[in-house]
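Each chain gets a letter, A, B, C, D, E and F, in the order it is written, and its residues are counted from 1.
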Amino acid sequence: MSKPFKRILLTGAAGGLGKVLRDRIKPWADVVRLSDLADLGEAREGEEIVQCDLADKAAVMKMMEGVDAVLHFGGISVEAPFDAILSANIVGTANLYEAVHKHGVRRVVFASSNHAIGFYKQTEVIDADDPVRPDTMYGVSKCFGENLSRYYFDRFGIETVCIRIGSSFPEPQSARMLVTYFSYDDLVESLRCSLMTAKVGHTILFGMSDNPAKWWDNRKAGHLGFVAKDSSTKFNGMFPPSGNYPAADDVGATYQGGPFILNGPQFG
Amino acid sequence: MSKPFKRILLTGAAGGLGKVLRDRIKPWADVVRLSDLADLGEAREGEEIVQCDLADKAAVMKMMEGVDAVLHFGGISVEAPFDAILSANIVGTANLYEAVHKHGVRRVVFASSNHAIGFYKQTEVIDADDPVRPDTMYGVSKCFGENLSRYYFDRFGIETVCIRIGSSFPEPQSARMLVTYFSYDDLVESLRCSLMTAKVGHTILFGMSDNPAKWWDNRKAGHLGFVAKDSSTKFNGMFPPSGNYPAADDVGATYQGGPFILNGPQFG
Amino acid sequence: MSKPFKRILLTGAAGGLGKVLRDRIKPWADVVRLSDLADLGEAREGEEIVQCDLADKAAVMKMMEGVDAVLHFGGISVEAPFDAILSANIVGTANLYEAVHKHGVRRVVFASSNHAIGFYKQTEVIDADDPVRPDTMYGVSKCFGENLSRYYFDRFGIETVCIRIGSSFPEPQSARMLVTYFSYDDLVESLRCSLMTAKVGHTILFGMSDNPAKWWDNRKAGHLGFVAKDSSTKFNGMFPPSGNYPAADDVGATYQGGPFILNGPQFG
Amino acid sequence: MSKPFKRILLTGAAGGLGKVLRDRIKPWADVVRLSDLADLGEAREGEEIVQCDLADKAAVMKMMEGVDAVLHFGGISVEAPFDAILSANIVGTANLYEAVHKHGVRRVVFASSNHAIGFYKQTEVIDADDPVRPDTMYGVSKCFGENLSRYYFDRFGIETVCIRIGSSFPEPQSARMLVTYFSYDDLVESLRCSLMTAKVGHTILFGMSDNPAKWWDNRKAGHLGFVAKDSSTKFNGMFPPSGNYPAADDVGATYQGGPFILNGPQFG
Amino acid sequence: MSKPFKRILLTGAAGGLGKVLRDRIKPWADVVRLSDLADLGEAREGEEIVQCDLADKAAVMKMMEGVDAVLHFGGISVEAPFDAILSANIVGTANLYEAVHKHGVRRVVFASSNHAIGFYKQTEVIDADDPVRPDTMYGVSKCFGENLSRYYFDRFGIETVCIRIGSSFPEPQSARMLVTYFSYDDLVESLRCSLMTAKVGHTILFGMSDNPAKWWDNRKAGHLGFVAKDSSTKFNGMFPPSGNYPAADDVGATYQGGPFILNGPQFG
Amino acid sequence: MSKPFKRILLTGAAGGLGKVLRDRIKPWADVVRLSDLADLGEAREGEEIVQCDLADKAAVMKMMEGVDAVLHFGGISVEAPFDAILSANIVGTANLYEAVHKHGVRRVVFASSNHAIGFYKQTEVIDADDPVRPDTMYGVSKCFGENLSRYYFDRFGIETVCIRIGSSFPEPQSARMLVTYFSYDDLVESLRCSLMTAKVGHTILFGMSDNPAKWWDNRKAGHLGFVAKDSSTKFNGMFPPSGNYPAADDVGATYQGGPFILNGPQFG
């Protein structure tokens, strides 16, 4: 039986989540084109390897040839000096969308981040229409990607699902991540829904498992049909409460972005 | 043990859903009065048969005698020439409510339709307070019924639950219906809740099973206590994605009403 | 200098507001085609007279030839037996829109009514997106026109401004009308804005002057550029308060529709 | 292993819910200080008993010494003469918060009540930001506690979760309570979440199990991570519907507060 | 010509605003009954003087005899020891409403305060449905009055307009008051509208003139017909900006309640 | 008398609006520092001239010395090749905020643009909390500046008013600009309010005069006290309606951004 797509491009394939996705997305396309600035090793069956700097417009344009759909996980995924963020996340994403447009690609999944809205408080519950509140220059760069993809949808009809990824690790690394936990299986399912739904327009999805505590309401992305199967409850007990409430000025306990907020901005 | 109601009237009893309901609603009433323009055969035990044209005011008035509650599934359930829609759905429903009022019936369940809001996009999620956007003259006639029942509630306290039925068939007939699927069991449960809840005022319920993709938010009907038990996930695989995204002007893939929209309007 | 339109059709030209408009709309079109079921007398300069029953589909179709834009004030403007409402307001408006569609007319102004939302309380403030709450069968028929025009816009791009006319008389006839007063000048200005704005989509405008007390918020029609110039303050003193508050069950003082609500429904 | 808290104060420990909680909260603190106006018997292991009139400011101040966190279930939990409500619920709660402030306690769970919003209709679904609509002087006193705790949070950062408790009994005592049912296990879990979440700010939680019919939407308290495990469905059949709809003026069937509304106000 | 009311009761008649109102409300009633704890001097023509402690239930009950409508300006209008607030504002207002109920009075205007919502930031714009955020115990007591009056409306239909008075002085006393300024003329006009409108239900009005900067949106009170005539622009220049922005922790410049917030709470 | 500020920096001083502002802002500061990439001629009295490329981080840092407040009108104000937008608007604004932060400047007014939301339709009315919908890469860059300034406010308390300037020209140049017209006087007044208000937090203001047609609702910026004095009504007659409605696919008549949308994106 034929697979839904001929060729899916995965950028950032050498990154943490890229490695997780490399095998899991194979059932969706005849060929998975893997791209990264870093070395990706040998192409395995059903793979193509393209080493590419996203800031190199010509290289990005070439990489897009023959692509059906893009999973854009490339760029920098932590706070970093602004020059680096600018090059990888801002210029890189602009190059990517221009190539998407020129090559007639019709669907992108953009790995956005909870740090696009990390300055909401942990006592607030928000949805996809609430204004962004980035918590780092990294977060600002993710907002740029969301806005850019909105523009390409309104202007050219190129559809994007922006997934504001919470904490996608094998297990939570702090009490905060019991709320933001996004299992690999749920991540993959969210990508599957984002690619397979007939029309998605421009959708913002909060990437989280079915955790008991919720800061984010995904109702406005209901049309994607994404239903999380995992939950952070299985990690109950990893971060037992001490009864010592965090101080009023404890950033990590106050804002949804957590201690990550303290990393920025970084200027030379 | 006595049944909750003495006599429930089911209009449209010879229609697709009417046949499904004929036996299933019997536990709720001593007598089920079945009505249709078409022949309904012999009355079985616990049944009364009234062949009736809803456009015939006197006949409708007579049919309402001794009735406790009404399940109004009568009329035309597809797009049709406006004269037919006018007679069956507009005049018919007006006659029905006038009879309900004159005979002191206090509760109606009105089979409205997703085509009352079919011009919302498949990438939008709406609730009961969003403005209607009918997608056919049929849809316009269902809006008429909703507005009329609102009037009879505000004016006379006659309570109605309008169920905007999605796709109530044994199984989905298109990928779109994976979203709008409304199993027979869930339909019956929604009717049970609509009849048995002590007060319902004027409520709009979206008739859908617990499908993974959702265009409709039923929170404002939470007081009905309707909890869908079925899901279209059991039909996964019937409509596998092809990776060929629908064209920008593909009505069936763009609007919630689907290709049905293309059927109207029909004027002589 | 040429006028903006070649031919504007005014239905209901023999009615109360039709007579007011007959002369005032002349600057907008080379020809004003006046239509009514009643006799309109001789055509004056720049006028065409078409006596027409809106329920007569063929006659309506013929009346629409060569028309640029329609001011639909025809039909019954009070509560009446349902058969009459049905014929004039429901069938009549359906015929009108079908003719509009067939003849390629691109803009309609529909004289809707505050009675489409008359069952809101006088202590509530609503806007165009709040659900309708008709207060009579007349009000239900106005909702039908609003929904029908929404359908023709979504389906065919035919633009309509629905003006929910308050109380458009030379002067208020009750204390309630100090709130709903809509001066003739303001009515005309609202029509001018509705016709002259480049794009109106499907807009609902509450037709009221700049009265001190307000039940309706027109913010969502801000794109029309309608700014009321008159106010009911000039009638202060016509209905001095007595200190005798109306009884809790005084319909006229409780609901926005006022005592009009008590007129319906009327069935034979 | 050490327990999260050193000393939790439970007021109203001799009341209906206080007795339920006495043992269940022990795992959370080295010492549970139990307080009531009524006799509480002997202190058991891990308990301290403080007989205290909440209206006695000095006594309340003393009772708060060494306390980490407060579960404020004290006061009158039914409609009563206003003097009694005033003393126990208004003065008592003011004394409690002043003591909380003076002793540096940082977290309170306040047993508010559905009667703070009991005048919403049973056909309405509300959330934590909807205006209060108390249904008795008791309900007014609960609103006072909610507002007071909001003030102490805004002014001093003292965090409170106000739980608007539905019907927390072994089993529902009326059909209404199938909607408001709040099992003891779910109550305890809601307290656990309210105490253990790192930051709660000022949160209003509706205290209900996962019952099929819902008048209250807890989405805005999603950060608490409270997930009800029980449901009133197990009591299906206790209150079978009769088909006799309640009268329009049946308070118990009309408002969320139920027949309780009829108890007030009580003045000497 | 007869005046609208037979007898209006003004409580707090010896207070700052009471003195302003004493003469201005005379055109509305045959008799103005003036009440205060303090001495009010001799009754002038058309006046009755009742010295009364609002905390004295019997005295309040007696004071209410023969009254048509109440302007409740009595009680303490600044932050004060809680015992005083409790007695004057909480007990006093409870006594007042019980007397209103017993004597069949149907309309109250309650002098609430911006301090009921003073913990919103000066960069926020709120309306009547936003949750209260009192800034002092005085503010908490005003919330009590608002909730109590809501209860008496829902329970007995007694109508109240709660005016959250901004800064009603001859002229602003700080830059903050350029926003909250409420001229005496506008105050009187708001009372007139509150008394004369046929139905007001339970309405919350923000008491402010038409000042250029606005923290409060009165749209939901549009039915009152209150239109402010004055503006603080006439005081431009009284508080020229210095370019020295207030510090981040400057309460007076941060919250809508201003430095008043620092006065509370006061416990013995 | 001393002026409010010691030194205001105006970037983009050689641009169209920069020239307008050069003299008008002088009353607000002892010194106005004017900056542009282009030549600004001789410094006049009370002026300092700094020729500066905003993309030059060191130069921007130096330019910020001794500055009290910034009016950031620099960068490119039309659609342009992305490289140019990137350098002037993205890197330039990042450099500016970093310098603002390092030099302790506490207030910025950022010249954003209606092109940040230009893909809303001309039949929609939006406010400051609606999601952005940029209409060009220029618009995307303005969103970047808005998000960046939000970040610097949340992270460091640096306050910014983002003014989404409509069409600030001596007179409208198209019918669309009758809606977006923003007179020079109103622009200056909006700047004055943005600088002089004690606290502004992070505010988005739509920059428009009091034009009759409105696409934008400024209620959420009410705390600024900005009241437009001018209106485009004085240009009535410049763009008389023709009755030829624009085609369905006429971008200039469909979207708020107008024909400007067609300029982008521009890639090399």
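One rule holds for everything that comes next: a contact is a pair of C-beta atoms (placed from the backbone, for glycine too) under 8 Å apart; a residue touches a chain by one contact, two chains touch by 3 or more.
Since the model is a prediction, treat every value here as computed from it, not as a measurement.
The minimum number of touch steps separating chain A from chain E is 2.
Following the contact convention of this document, B is the list of chains adjacent to both chain A and chain D. Under half of the residue numbers at the chain C-chain F interface are used by both copies of the sequence. Matching A-D against the pairs in A-B, A-F or B-C identifies A-B as its interface repeat (over half of contact pairs the same by residue number). More contacting C-beta pairs link the chains of B-C than the other of the two pairs B-C and C-E. Taking each chain's centre as the average of its CA atoms, chain D and chain F sit 51 Å apart. Chain B and chain D have Cα centroids separated by 41 Å. Averaging Cα coordinates per chain places chain D and chain E 31 Å apart. Those residues of chain E in touch with two or more other chains do not exist in this structure.
Touching chain pairs in this entry, ordered by label, are A-B, A-D, A-F, B-C, B-D, C-E, C-F, D-E, E-F. Of all residues in chain C, those touching chain E in their complex are 121-125, 175, 178-179, 211-215, 217, 240-243, 245-246, 248, 253-254.
Residue ranges on chain F touching chain E, taken from their complex, read 3-6, 29, 68-69, 106-107, 157, 159, 195-201, 203, 219-227. Within the complex formed with chain E, the residues of chain D that make contact are 57, 82, 86, 90-91, 94, 98, 101, 119, 129-137, 139-140, 143-144, 147-148, 150-151, 154-155, 261, 264-265, 267-268.
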